[in-house]
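Per-chain numbering from 1; labels A, B, C and D assigned in written order.
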Amino acid sequence: MSELKFKGIVAYPITPFHPVKGGIDVEMLSRSIEKLIDSGVHAIAPLGSTGESAYLSDDEWDHAAEASIKQVANRVPVVVGISDLTTRNAIRRARFAEAQRADAVMVLPISYWKLSEEEIFEHYAAIGEAIGIPIMVYNNPATSGVDMSPLLISRLVRDIDAVTMVKESTGDIQRMHKLHQLSDGQIAFYNGSNPLALEAFVAGAVGWCTAAPNLIPELNIGLYDAVAAGQLDRARDLFYRQLPVLEFILKGGLPSTIKAGLQLDGLDVGAPRAPLAPLSIESRDTLSKLLSQARR
Amino acid sequence: MSELKFKGIVAYPITPFHPVKGGIDVEMLSRSIEKLIDSGVHAIAPLGSTGESAYLSDDEWDHAAEASIKQVANRVPVVVGISDLTTRNAIRRARFAEAQRADAVMVLPISYWKLSEEEIFEHYAAIGEAIGIPIMVYNNPATSGVDMSPLLISRLVRDIDAVTMVKESTGDIQRMHKLHQLSDGQIAFYNGSNPLALEAFVAGAVGWCTAAPNLIPELNIGLYDAVAAGQLDRARDLFYRQLPVLEFILKGGLPSTIKAGLQLDGLDVGAPRAPLAPLSIESRDTLSKLLSQARR
Amino acid sequence: MSELKFKGIVAYPITPFHPVKGGIDVEMLSRSIEKLIDSGVHAIAPLGSTGESAYLSDDEWDHAAEASIKQVANRVPVVVGISDLTTRNAIRRARFAEAQRADAVMVLPISYWKLSEEEIFEHYAAIGEAIGIPIMVYNNPATSGVDMSPLLISRLVRDIDAVTMVKESTGDIQRMHKLHQLSDGQIAFYNGSNPLALEAFVAGAVGWCTAAPNLIPELNIGLYDAVAAGQLDRARDLFYRQLPVLEFILKGGLPSTIKAGLQLDGLDVGAPRAPLAPLSIESRDTLSKLLSQARR
Amino acid sequence: MSELKFKGIVAYPITPFHPVKGGIDVEMLSRSIEKLIDSGVHAIAPLGSTGESAYLSDDEWDHAAEASIKQVANRVPVVVGISDLTTRNAIRRARFAEAQRADAVMVLPISYWKLSEEEIFEHYAAIGEAIGIPIMVYNNPATSGVDMSPLLISRLVRDIDAVTMVKESTGDIQRMHKLHQLSDGQIAFYNGSNPLALEAFVAGAVGWCTAAPNLIPELNIGLYDAVAAGQLDRARDLFYRQLPVLEFILKGGLPSTIKAGLQLDGLDVGAPRAPLAPLSIESRDTLSKLLSQARR
């Protein structure tokens, strides 16, 4: 199955906006993706939460998806975030991503009105039927407003062929235990909660979906490698070293903090889209200090 | 101030979709608005939560806004829901509503990434500067993912001229107390939580923003009149009579339940847009029974 | 049924400790009860939350129960809080209260380990079988750690003869709606959440269980009278006038704030028992100011 | 410092009640403690949550404390739970435990009225001043109703000499990260949440406080040993093997489930004290099956 393509560090690029024209800044997008690939991450996930996908028009979304996939150019696998409030537009995006040769799509059941379990199931089933590439189910109630129980998620995996991967971002390690238990260890689950990076790998996660490699890729990849090598003391040390950065970027909002961090590193990727605001000067100084401490 | 235009029962129309073409079904939209006006409601609020505003494309939204305002034709005041994830599109919609001669706009700070209080303030301030009609601030964390404290709301009212009304939908009557206290009783607040209909009026709400008048307008208007006349026993009786319907439509999701109820009443307004699903047959039967009991 | 004895304002005395000997200060207890009766409250509820019942030894509890009932001397009905972690000691206290001629007992299912609904039911049933006076079920998850659903409460009322009254203190007015609905308006429910004083009466509460009459009895009784007379504007005015005091005493902890308030009024009832601390000087000044404003 | 005494598996005995006389059944208590020591646990913690400490009279508590310490007879360290609602009785119990030669005391800030941070601090400080043995701070909001933030806990450790150990039972691994960060890895923290057994050790916990060794000591000790040896795959396997039992005993309430499990193993320790109920037959069958699967 295609899910074996994805393991290790799955990195989220930001989506830069052109300072004058306002649309996608393809040059900066390409450079930030290139930076990620150079750093050695194992996969790229454009148009996720970090990529401000929710704030793009459909045209912008298409533009960014196409440019991102082209830039990666098959050097690592690509999973594209295609989430949308309506099923019909989620399908449109999923088909677009497949046509552009994405390796998989990631789907968060964004809500305005709370969705029933049946409505969520039908949403995933409809997308699954419309495409020939795998789906990574993404659970993140803090941004989507929908919390999918491990039981529902395991049903999605079991009953919808296209669903082969799960990204869990609730920040509760016990959800991952439950996914393991409900599938006898067969569900390929990914950690989407940065502060659980160490424990999720220990609990059996096959990958870590994170925006952190934009700023501290060596530490992220180093943690993965240490756990894989069974070097627990080294893993714990690497984890606590990067934890302050992981907590800061999560708390400050990934688009704002990652864009600020890239600018600190010399890549001028601009501001997030309003109402999201750029980091304050004080917060940027804090980030700068935390990065220095982690990279020491 | 323009806010005095709005008091009593502020009714939410649904947005019907054309069964064949898929876009806005203007004829059905007009008929459902006409039904509301006939019933005697005091104001109309198109493109709110009930109106599936979040699930429309921009073209559809424009179409529905224009048609709704035209249909009301100044017989009662109109407040149009213009909420959008980005500030720039919220402004575009607000200007469109003003150009179509809406009396006010309603703004919910929809989020994907959690917004800071400053980001929320700037969102409202930017919309306020762009238009010449009043803003009703709308707090509904269950759908928007953003919970604005009474303190923040009172700051919006105080510091942004255009903000003159507040709709509170958390379901916590104590929020209304706090709005009263923070403004010495000066903030015009509206109740957006159906199960608090009685208590909110008693606590001083000037209006009740509700989709219930699509189905039980006499009971809604009757409750308002009874409280206004100081007939507490009558108000309590009317309230408990309609409460099962109010709870049912809230729990089942307003677009699905109101559309089902209108169909039960002979107005074929179709289904909500996927992933929202129409009511199941069992739920429709329950609704039918609850409506009969309330209308007895 | 005996429950008709209780309506209107059910007042909670504090339990004063002797400054030297450390046990119950019976003289001060008597004076504080006398003050309540003089003020015109409709019933007295010793050894509730306000009475620091949870912090007393069994001997102290017996002493306070006996002295309180004697002091009231049948001038108004008395409901004694007999809550304890174990069923056997709750029964012992209930029997003691009955032997002392209490009119009813109030029972909160205090927990350390979360109780199942069956365990809660059996707890109430065992107490009910042991005594011949009515039980007021008391739901207050914030102090007891147990939240009884309206469904469970209505089952207690229906299936245990002794249970004839319910005190709801969750602060959620919708719980009272549900009790009304589940019993066709037949359950005698009391409001135990001070900030809901106005709305609970409007929703049908027969009484308000509160420690506030230790400090502002005229306002508490006035609110009850205004609602009873259908004077809604007057009720609302009285409510908002006393609300800051009601919020302050709740937030600061009733034993600490009520004792401080009584001292401000010249009744030196001492400090609460450690770990509960007396009010700080700043908080006492705030309370003094809030009392002046409410009593103006 | 004395805290080095405690590491690895800290086991909680139950408190058996005499079937006829009703008080502490010392013989059964001794046998259940002996069983724990035989199994190889590293320390014993009588009169914790599992030991129904909250449901004992003072005489019973003293009796159980004395008998437990005597039975252990210095073969492993003993930490005695001395929690009580009042500071004065907590001190009395702490002194009693010290006089009986306990190695440390464990203190949970049980509440009825919510305690402020100052009240909690003073509670610990007063106990600390009264004794000469170390205190293990115990945070378990689910049973105590008080949630101590990592910041408050680290302040207790820093400012009260006697406080040298922390037991965290919220079930949130991020609390342990924070304790690590706030003390540069210097706070000795223990995991009190069974489902976090694996991850807590990985995050740096020095011990696991658990009632599970009453039933599956080899699996508990094996997990600790595997992590200590850096055998991550083996640790994960052992963890998932025992997790269903860990979840079951937590969800069913430790006194009820552990007593039922001991009876299944042939040690007739009787029922928990009402209102706590013994396991139903169905639940006992489930436990029996889960134990068989884990021990396979």
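Observations
Going forward, a residue touches a chain if its C-beta (ideal position, glycine included) is under 8 Å from a C-beta of that chain, and two chains touch if they have at least 3 such contacts.
Note that the structure is predicted; figures quoted are calculated from it, not measured.
Both chain A and chain B are touched by no common chain. Think of chain C turning onto chain D: fitted on CA atoms, that turn is 180 degrees, to the nearest 5. Chain C and chain D have Cα centroids lying 35 Å from one another. Mean C-alpha positions place chain B and chain D at a centre distance of 52 Å.
Per-chain CA centroids place chain A at a distance of 39 Å from chain D.
Shown for chain B are the residues in touch with two or more other chains, of which there are none. Chain pairs recorded as touching, per the definition above, are A-B, A-D, B-C, C-D. Looking at the complex, you find that chain C touches chain D at residues 49, 54-55, 85-88, 109-110, 112-116, 118-120, 122-123, 126, 142-143, 145, 253-256, 273-277. Against chain A, the residues of chain D that register as touching in their complex are 171-174, 177, 180-181, 185, 195-196, 198-199, 202-204, 227, 230-233, 235-236, 240, 243-244.
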